[in-house]
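Shared between the two complexes below is chain A, which pairs with chain B and chain C, respectively.
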Partner chain A sequence: MMRRSTFITYAGLGLFGILGPILFPAYTLSIAYLWMMVLMASTWDILGGQMGYNSLGNITFFGVGMYVSAIIQISIFYEPGVGEYTSAMGAIKPEFTDQQYYWGIFLGIFGGAIAALALSLIFSTFMFGLRGPYFAIGSLGLAIAAAEITVTINYVGGASGISMPMFPGDIEFRSVFFYILCFTLAVLSHFVIRGMLSTQFGLAINAIRDDEDKAEAMGLPTLIYKQIGWAVTAVFMGAIGAVAGNMAGFIDKEVAYPVPTFGIFMVAMVLLGGKGTLWGPVLGAIIFHIVKETTWTYLLGWQWVTLGLILIINIVYFQQGIMGWLQSKYPEMFGIVVDQSNINQEKKES
Partner chain B sequence: MNDIIKVTNVSKAYGGVKANVDISFKVKKGSITGLIGPNGCGKTTLFNSIVGYHPIDGGSIEFDGKEISHLRVGDIARLGMLRTFQQTKIYTKMNCVDNMQISVSHRRNSKNGIFASRKGEIRERAEDLLEFVGLYSKRNLISGDLSFGQQKLLEFAMALMNEPKVLLLDEPTAGINPTLINGLIDRLGRANQELGITLCVIEHNMRVIMNLASHIYCLSNGKMLAEGKPSELQNDQRVIDAYLGGH
Partner chain C sequence: MFDNLQLLFVWAPIINVQVILDGIFVGAVFALCAYGLALVWGVMNIKNLAQGDFVIMGGYLALVLHSWNLPLPVILIIVTIIMFVYGWSIYALIIRRIVDKDMFVSLLATFGLSLLMQQAMNLYFGPEVQTIDMKLPVIDAFDNMVTIPYSKIISLALAGIITAAVVIFMKKSRTGQAIRATAQDARAARVLGIDTDRVYAFTFAFNSALCGAAGVLVSVIWVIQPFYGITYSVRTFAIVTAAGLGNLPGVISAAFGIGLFEKYTGMIVGTAYEVAAPVMILLLVLIIRQIHMKRNRQVVR
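The block that comes next holds the complex of A and B.
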């Protein structure tokens, strides 16, 4: 039964993903942002939901991926490099051929992901000594520090930011291009996470969440699991950051390290959908994005109030989120049942 | 070399409280050894010292001929020595099968990799062991929803899943009803006999420990008071005094 509903979910989301921009071309970029938020929520849940480490600093990887991709995209085909480009304050407009642009953006995404991965491995060496609220605040500190350090680096434009290379195609094709990138990365992240959770890795990070001391006492090498979890998060956040920078067209500290918006949204989306579940973050991101877009359009001026209200209701009445609530209400749907069958009898049958 | 655990003159103090003073303690390979004594006499502290939960103040602890007093909990567990907790510790938001499956050995030679499959042999062994402790029908329930006694049984089964060489059990029968206690004694004996696991048991239930253990140590006020066969200890005046209000 679950198999069938899973299939329907994938078919539905897949159809929406492919037909969405065709049926609603005006909303292409908005749906692209939806997939971006699905990715952010899903990757946040690896640590925050499945492993019990509430990271408020994942946005660091987003920003680093964005800046590294900008450096790669500009330096690779523009001889004087990023430093010259940014110090000219927009006076220089290097022309990229189509081919150079596309090569640049793909190398940029790849490089952004690698840089974020490397950074997460460095952070892992000292951050995982912190637990609970200390980890949350510590990781938030990383994001704020990264943003402030970025501003001081003149090479990447300091506080005045970087203009990203111009997209070579027309505006409709631009939307579709970035839509495809966002959708592909979201789908990829979902299946990577799904695959990882279905192995012993998934159980190990759940064990760390439930009782890290017990896990250590049982000989589980907890640090390596934590490192892998954060590294996967970082790779996808770095890649999507690179895409987001190009979508925005201009990057600076506010665009690259949106701590009070995306940094908090990704947590809110997971709490809404249900943390520690595969589908909770996806569901949460979809609902959150729809509410956000609707209120920004029809309740302008009240949009933050509405979002705040939803969060408060969520935290006070549905702490386990939608999926968690469903699981406690209908446990049999999730296979949480007493099974009176005999083990020997079952073995004979199979 | 017949002693799998050899504790020599170990001391441990918490601030001014001398929890263990010059304790020497041996566990023979393949045996069941008991550790008794009044509350607060330092039994659990000794367990914690052995499994590396805290650094010791002095003395030496050997496991299988190897000095382990400087190692940490995870390293010692991966050598093959596990303990269960007085306050039962299980993964309360996971179901019983998952609790079992993640408890597999993480020793260097084990084939249980980080991204190993959760199906096949590992799952079968998890279910067999749940059957062994009588929790098979509850295997899909969230473990935190089980009764306290069932959680203790689950914790014991998780320890067996790890296939340790030595298992230190901290009050395995506390809070378990009399019928279940008999079942548990039977299973402890079978784990020792059939799986060849050396057991070291802290226990307050005298009937249990006298039937189970072949050799018993008695602690009192952080010092080793007496040791011997169960029959010898039962008639030892010092042990009787320690238990009947001597401390």
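The block that comes next holds the complex of A and C.
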């Protein structure tokens, strides 16, 4: 039985998702990016908010998914493979038929997700012995290393990148197509995370966040829970990376591993909305995206300064985020029962 | 790759001298910023991701002062003072509010600061690569196989003087003792009458001044650009993590080690890997430390 406020939120967001591109056709791609950021923030929150492992390297999966999907899409229907394709860029550009393109893109998304999953399993063998800031720095190192290594691989074009196959339809249909992909993935990720958090998995990762040593002493297989958490993040990041690569039309190091932009944005969005809550990342992503698009339009040249300021002010002065603030202000709205005697005692002590 | 190895060790071993010298020059500059980071990290548990941007800011200040035809030592002193004041004000505005918070908060807040500084410098100085040309001669040694610009020698000497001054300051002066006492046990230091808030402010400002000094040297011997800061931040993090906290002499030797490693990697497998090298070192150190600690069922925290 779904609560009424939750139902209204879903109905509102769903209606916006479906009607948005119909009512504002000029902003279709912008709203598509909004759903992409919702997905990034929600998946970051599995580790960062619910599990207490602040990762700065989730963007690695995004880039790997993007590159793997490009390799699959191109080499599956073009005999000589990506290596030939990139070096012949500009000279021969193989035409893909409609059917080949759509098959390619769906296989690419799937393959990107699988590759990211495999990578996350490899990473988690040596990353989860790190705690706190070491995990954050280490995962940031992973992202930077992945970007630098990709540049040196000539097979995927090195520093000059790959230009993706042309979309067969016209430009309006193109944006609607990618919009549908982003929206579907975002909705899927939301319900997967919601479902996972409502099971024992959610309780287990919260226990890891609160006190990992005690959780382990209670007999929880913490490593497996951490691996599952990161794997889910990686699958969705890989899939959205594949979509984003096709959406951009051209991929290189800057597009695939945007560590200083999306890598940090996703953290900022979660912190803005309130970490460790289901709706915090969604709300944070929506507000952040609106602010970002407005500053990009009206404060061009100063947009980064504004973003840096938002980040600092948010973290220094407003740490619990919007949902966290609401939760402490109106706990009964969230079904949290407050023991009045506890509050009185706290008041007496302070 | 094997060609380069042969070049280094069979055909012209003299090139080793060039690589080692370059490594030492790089290491001297890294040592300054890494020492500052180690201090801030050890004393107040702040992981400053804006470290590299302090370096670049010092470089740009030096560039401005150089255009007024001031000599290098004067530039160094003025930049150090400006960066000290800047660090103090950053502490008062931002860092003071996050000192006792979750450690990840400090990473993110300083990342925001780094973003802000990068873009402010980009808007003000433009995205071009710039350098200070001291118009000093270049020494050619060993049949022109090795070139040593005078500016690098002067910078190395200056870096040595600054490091020596800092080490003596930390050992002998009352403020240095207060900083070390706070690092060991902040609560006990407070009980004994040390104003830890002032010590924190001083440490952060001191770090910023050290980075500024390093920035002056960077702008003299290499180039600066608003977005180069992050590479310095990553290197300093690698150095401090490799050396371990509270091990200040270790920080300096690790700085030279990483400088040499970076130059050798650049020489042997190509300059494209020069940026990736310190990151790889960072990851390797973290993984190796983890394996060591796992034997005792502990984790790196």
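The rule we apply is simple: the second predicted complex is superposed on the first by the 334 of 350 C-alpha atoms of A that agree within 3 Å, B and C clash if a C-alpha of one lies under 4 Å from a C-alpha of the other, contacts with A are read in each partner's own complex, and residues count from 1 in each chain.
The working rule: a residue touches a chain if its C-beta (ideal position, glycine included) is under 8 Å from a C-beta of that chain, and two chains touch if they have at least 3 such contacts.
Everything numeric in this text was worked out from a predicted model, so none of it was measured.
**Q** After the superposition on A, what does A:Ala217 contact: first (chain B), second (chain C), both or neither?
**A** The answer is first: A:Ala217 touches chain B but not chain C.
**Q** Per the contact definition in the header, classify A:Pro133: touching chain B only (first), chain C only (second), both, or neither.
**A** After superposition on chain A, A:Pro133 lies in contact with chain C alone.
**Q** Of the two partner chains, chain B (first) and chain C (second), which one does A:Leu107 touch, if any: first, second, both, or neither?
**A** Neither partner.
**Q** Between chain B (first) and chain C (second), which does A:Gln200 come into contact with in this model arrangement: first, second, both, or neither?
**A** So A:Gln200 only meets chain B here.
**Q** Once chain A of both complexes is superposed, is A:Ile287 in touch with chain B (first), chain C (second), both, or neither?
**A** neither
**Q** Considering only the touch criterion stated at the top, classify A:Tyr225 as touching first (chain B), second (chain C), both, or neither.
**A** After superposition on chain A, A:Tyr225 lies in contact with chain B alone.
**Q** So, A:Val187: does it touch chain B (first), chain C (second), both, or neither?
**A** In the superposition, A:Val187 touches no partner, neither chain B nor chain C.
**Q** Could you please specify the touching residues of chain B with respect to chain A in the complex?
**A** Its residues touching chain A are 51, 73-74, 77-78, 82-83, 85, 89-95, 98, 101-107, 112-118, 122, 127-128, 131, 136-142, 158, 162.
**Q** Considering the complex alone, what residue numbers of chain A touch chain C?
**A** For chain A paired with chain C, touching residues are 54, 56, 126, 129-134, 136-138, 141-142, 144-145, 148-149, 151-152, 260, 264, 267-268, 271, 301-302, 304-305, 307-312, 315-317, 319.
**Q** Which residues of chain A touch chain B once you look at their complex with the stated criterion?
**A** Within the complex, chain A touches chain B at residues 196, 198-204, 206-207, 209-211, 213-222, 224-225, 228, 276, 335-343.
**Q** Considering the complex alone, what residue numbers of chain C touch chain A?
**A** Against chain A, the touching part of chain C is residues 47, 94, 97-98, 101, 103-105, 107-109, 111-120, 122-123, 230, 234, 237, 241, 270, 272-273, 275-276, 279-280, 282-283, 286-287, 290-291, 293-294, 299-301.
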